[in-house]
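In what follows, chain A forms one complex with chain B and a second complex with chain C.
The block that comes next holds the complex of A and B.
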């Protein structure tokens, strides 16, 4: 993303590459490419039914593709010598990503405009814009998209908590290492395990510890208690009653269920933001604070006038990355609520997952996913442009 | 002992209680959040040693509230009495555990290998692939991070079916490598750009080739960054669920899929589920405690420029 990179290591090399070596280099690429085309052609013909060569799978094409990629890499060195060796640093990764992303995406565009039920024997049927029309009328999909906005909005709260924790960890405290490890641990846990540990077990209504705790707060205090404790008890009783904690339900109503999913997701990902912010805080030179302290700025002003503005670039990076991760949110929803009640907690990913599970229609699901991708790309581009403008220092 | 010469002034002594109050508040918040972070893990561990009545009564502290029992571990075939006997559940569990281990380690290694090379090249040389220059290539790699898995999932399902890669470890390894590659490149690019190029120049003058200089001089220096990238990849791939549940059914099924498939069926045997979840999270918890330094280093890369 930064403009100035590369071109640091200038090496002048005098390669003498013979004609034959060069010819061999381009030769292997073309021969392997021809082989790849031939194999794919044969397989296509076989697939359509013109020929019957008895191919079970498309593996031969895959092997031909791998051979061609290897030849392409080798030919770089054969043709261009030292420069080819430099290309070899990036080429394998680039080939890998292109073959794993670009081809499936193109393929996805084809699937998206077809009716393809994997369990039916008819195979793929092109159905034009039918999927698009169906999507337009699919209120559950739009609802899931709306939920994603809610989920993304929750990031601001996560950010505030993460910032607070990072400030505490950056302060002068004892047992810093213990707290850092403890705060980091939720990030290590798999969302599936979290959805069982927290979503199913701890949030169990009858005997889960959280429900028990809430009921304890909402319970009427015993009369034997000394007066101050009794009044605190009465207060918590009233508040608890008002919040409906006497008989808590976590996945009954739409808003509460969504908040629960947000909390579980926040629990696993707050450490991530916290660590990024902590790294940013540690990079701020001490002298700035000392100067401000000498000038008599209060703690509060020091935070808003020095820490926060200096942390802006890091904060924006952390929030953008967090948004990217949030948009992939699915595991917890699939395992805890499977979208319920009534689609209130659905994320786009979990919705498409269920759509596929229930009807095994690949075509419609892919169209929904690609539409989602388009929205994400547009939204992220706008956000990044805004962030760029916003992050410019204003002095 | 000489008499005390410097004494706190009146104003300083008034300041003390405020200071103590502030400290108290800070530690309260820290401890409360530590409990929030650790209690679910503690709850899972203790539930794995409970029996039905203990779960119903919501007992919390072992040996005080309840007597630990091996019930959950027995149903997994991992308790002291059953460890010697034949157990199909244990076989199944170990198979999934082994799958997860193989897949996450190979995917992370592959991603670190591919990503380190790419990041090194991008931080050192000028490239022109068609219209793409270095910053475009970097952006191309990093932009893969935005791609939600659901976009790739269904096309891959169909592609893997025709390539006979469905329900194979290699299929998942390739896909996982793809998902963590942008993160590895991000971390490693940061790492390499902090290494001075003079080192390689000296090595090149001494007669090493460019790859020789990379392997023998640069990589050892960048090793901490590589470890950080490897561990982060390991965490992400070990925990991955979405692709695994779509693309595997029996042979290559991973541990998260096994944990998830247990939740709905056969009522809920709390103790068995807790034991299984615990076994699924414990490798990463240990890694988190032992290698916390590297994880923090990895995530801090790119945050600070």
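The block that comes next holds the complex of A and C.
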């Protein structure tokens, strides 16, 4: 340990870095940076047609960036010795993130303000705020955003169900382990599989078991049945008729179709919230409940005064993560309804999918995605701030 | 041939009668050959006939699905044309990259087998890029847009000719290739302008596509619930469909339905189905254009003909019981496979898959009662030039998607040997004899040459004559129709279809006030796409696609 030598516990060797070495360290960074700037400048000029240098790809810029990154890392050691080596634990990762996240995001902003249809012979053209104006008047997009409000609101119902299930699974019930695994199964299924198994097969109008079951309920009972069964059958027939189950339709009207999408999505992700809440429930000390019980608190009061407040941090986390999942909802919609009927089930992501993929409208599609990202960031920030306030102890 | 077609054939085992018929047919063909004076011609004809009979026997009707060994054997047997033009080992050291599909383990899988003997003979090596159908369009679009075409040969649909040939990305087909593939044999609609751009030919056709009319025979005839005659016009189709509401299906005992319109989008492909109706109204025999005005690219989708087609669909939506429940959520896959084949509905327009699956699919119950025809016509046709309806019968089969072809990219242009190798490989896949095999066995391709409709050959191979004549006949009649509605091969054509699907979905859901409003919304969206892609270039490319 070199605590005495360097005065810093984390420095293990004393470096004696020469002035020449420092110069070389700075030199390779500045030279490689100059090279990077020069190559990128030349490629940009070539790209916009100002020069004709025959660049076919942007790989030269990539190679210049890699060279600069390597020189930057090397210079840390050359200039700062042992301290530089510590930097190397983080710097490559930071450079990687910059190249794989920050740069594409910046490039995404450039594309978002471009007129770029892949079929256009003119390629990408900067078009200022035109895409924003188009978005402003795009009823499909605002309709999809409106649907997202409905889809997100459904999370509160999912949360209530998940909490109930978690309470059940936290209790002393038979086959508890089996049920825990069984309830988790939907989460293990791909939403694509769910959309085909449930949306396309079980809810199929003619052969699907759910449609057949509803038709069976709405069917008129046989007069040969014993009187009690006949009356029950007539009651179910009347109710079924009133509900339109004689000819069930799961995706024919906007409200029902949206509800079916919500249910399929909920079925898949309620287990996720349930398992988080269950983990939280198991972390609550039993002594609190025992003390409350001794004080004469009822079950209901114990829930509202102990369980629910103590579960708030977990609940808020589960809800926030679920909102993030929900905002990406697309696969079930694309597979089952393609956003229909008339856009009633469209999510922002499924709409962008069509705009971007089916119509190759890269510029406008990117703007919609960026705008959505901004909305999500703002909304999540507000939600987290509010959650922070809610989670402060009341006593 | 689609895989379902092959299964249909497999299920129709060769009978003694068919065998004798085949022998008689072969004898008749030999007799015809004998009438030719030239001994050489006789020998060639006999050799060709023998070859065609031989490859149709690989693996043979009723012998299971072909394997890679079968594909290689067919490729080897059909190598004669290559041997005539290319010296052994002539392309030693040449490497080619081939981009194609891997749908249902067909397409590229077959090409690999077919080209293996070609590689062995010529010495060239082929590297393969296999893509799923869903990934194909984005991959191709991105390659084109970013200038990163990294393949020498591509399997591509004709609708993309505007994106590729129009941008100079393809290599013009040498004359010797046209001779080798005997392109005169193509059915009429696949001849130029299809496959050409600005007068230059780029395509080796390996497939044909069209929508044909499928109907239930038990719905029509004396005393049948649908009337005595099969509807011939879209007006009759709608009348029958409305009249069938509330009746009972004679086969299943469930509610009877008439025509099945897919009301939900299908990645742009769903628009073809509205086109079927609109073609009869909008495709005037004197005018090759029917989607856009060729002088201005103004959409015709909101003219009275198209509005009538949309109105027809809306009329059925507003007729209780005309469509099955939830039809608003039915895409073409649903109408074809989950409804028509399963006994729901009595009339349908689809590609060849449905006709063939009817006899073989485990879920099909309509195999014995299905009949085929061309796209229904109309009692009147709209003339866009005069802006008036003409009270005359009109029919216009919809050549939806036109079919796959093999193209060579400009990457080969710097190297004469590589260019020749690429075209030789492509020509091998597009040869006349090999195409008979792909028509008869699972390949992903439909018949597309006049020589594919020699029913004697099919019968000799073990096919049921009536079935083949009915099913293939509807294809042949559509292909060779003088007023066929041909796909406009312009850039972004599926963008137009995709946005039209979205607007139609709103119209069908009642969010627009009328069919005209719906059509106007589509037209406005189409104008936007045209402006974005570039109106002047679109006009030029559209006119080139129409051969104007």
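Convention: the second predicted complex is superposed on the first by the 287 of 395 C-alpha atoms of A that agree within 3 Å, B and C clash if a C-alpha of one lies under 4 Å from a C-alpha of the other, contacts with A are read in each partner's own complex, and residues count from 1 in each chain.
Rule of thumb we're sticking to: contacts are C-beta pairs under 8 Å (C-beta built on N, C-alpha and C of every residue); 3 or more make two chains touch, one makes a residue touch a chain.
It should be emphasised that the depicted structure is a prediction, and the values quoted were computed from it without experimental measurement.
K.L.:
So, A:344: does it touch chain B (first), chain C (second), both, or neither?
P.N.:
The second partner, chain C, only.
K.L.:
According to the stated criteria, A:250 is in contact with first (chain B), second (chain C), both, or neither; which is it?
P.N.:
Touch status of A:250: second partner only.
K.L.:
Looking at the overlay, does A:171 come into contact with chain B only (first), chain C only (second), both, or neither?
P.N.:
Once the two structures are laid over each other on A, A:171 reaches chain B alone.
K.L.:
A:57 in the overlay: touching chain B, chain C, both, or neither? Say first, second, both or neither.
P.N.:
So A:57 meets both chain B and chain C here.
K.L.:
Once chain A of both complexes is superposed, is A:207 in touch with chain B (first), chain C (second), both, or neither?
P.N.:
both
K.L.:
In the overlay, answer first, second, both or neither for which of chain B and chain C A:119 touches.
P.N.:
second
K.L.:
Of the two partner chains, chain B (first) and chain C (second), which one does A:96 touch, if any: first, second, both, or neither?
P.N.:
first
K.L.:
Going by the contact rule stated at the top, is it chain B or chain C that touches a larger number of residues on chain A?
P.N.:
The partner making contact with more of chain A's residues is B.
K.L.:
Does the superposition put A:359 against chain B (first), chain C (second), both, or neither?
P.N.:
Second partner only, chain C.
K.L.:
With the touch criterion stated at the top, can you tell me which chain A residues are shared between the chain B interface and the chain C interface?
P.N.:
56-57, 118, 206-207, 362
K.L.:
Sort out for me which residues of chain A touch chain B in the complex.
P.N.:
By the definition above, chain A touches chain B via 1-3, 5-9, 11, 56-59, 62, 82, 85-90, 92-94, 96-97, 100-101, 104-105, 107-108, 111, 116, 118, 164-165, 168, 171, 173, 177-198, 200-202, 206-209, 212, 267, 271-272, 275-280, 283, 313-314, 317-318, 321, 324, 327-328, 330-331, 334-335, 348-349, 352-353, 356, 362, 365-366, 369-370, 372-373, 376-377, 380.
K.L.:
Quick check: in the complex, which residue numbers of chain C touch chain A?
P.N.:
Chain C residues touching chain A: 138, 141-142, 144-145, 147-148, 163, 166-167, 254, 264-268, 324-329, 331, 338, 342, 344, 491-492, 494-495, 498-499, 502, 505-511, 529, 532-534, 537.
K.L.:
Show me the residue ranges of chain A that touch chain C in the complex, using the header's touch definition.
P.N.:
56-57, 115, 117-123, 140, 204-207, 247-252, 254, 257, 336-344, 354, 357-362
K.L.:
Which part of chain B faces chain A closely enough to touch in the complex?
P.N.:
Residue list for chain B touching chain A: 26-27, 29-30, 33-34, 36-41, 43-44, 47, 55-58, 60, 114-115, 117-118, 120-127, 129, 134-135, 137-142, 144-159, 161-164, 174-175, 177-178, 181, 185, 189, 193, 197, 200-201, 204, 209-211, 214, 235, 238-239, 241-242, 245-246, 256-257, 259-260, 263, 268, 270, 273-274, 277, 280-281, 284-285, 287-289, 292, 295-296, 299-300, 302-305.
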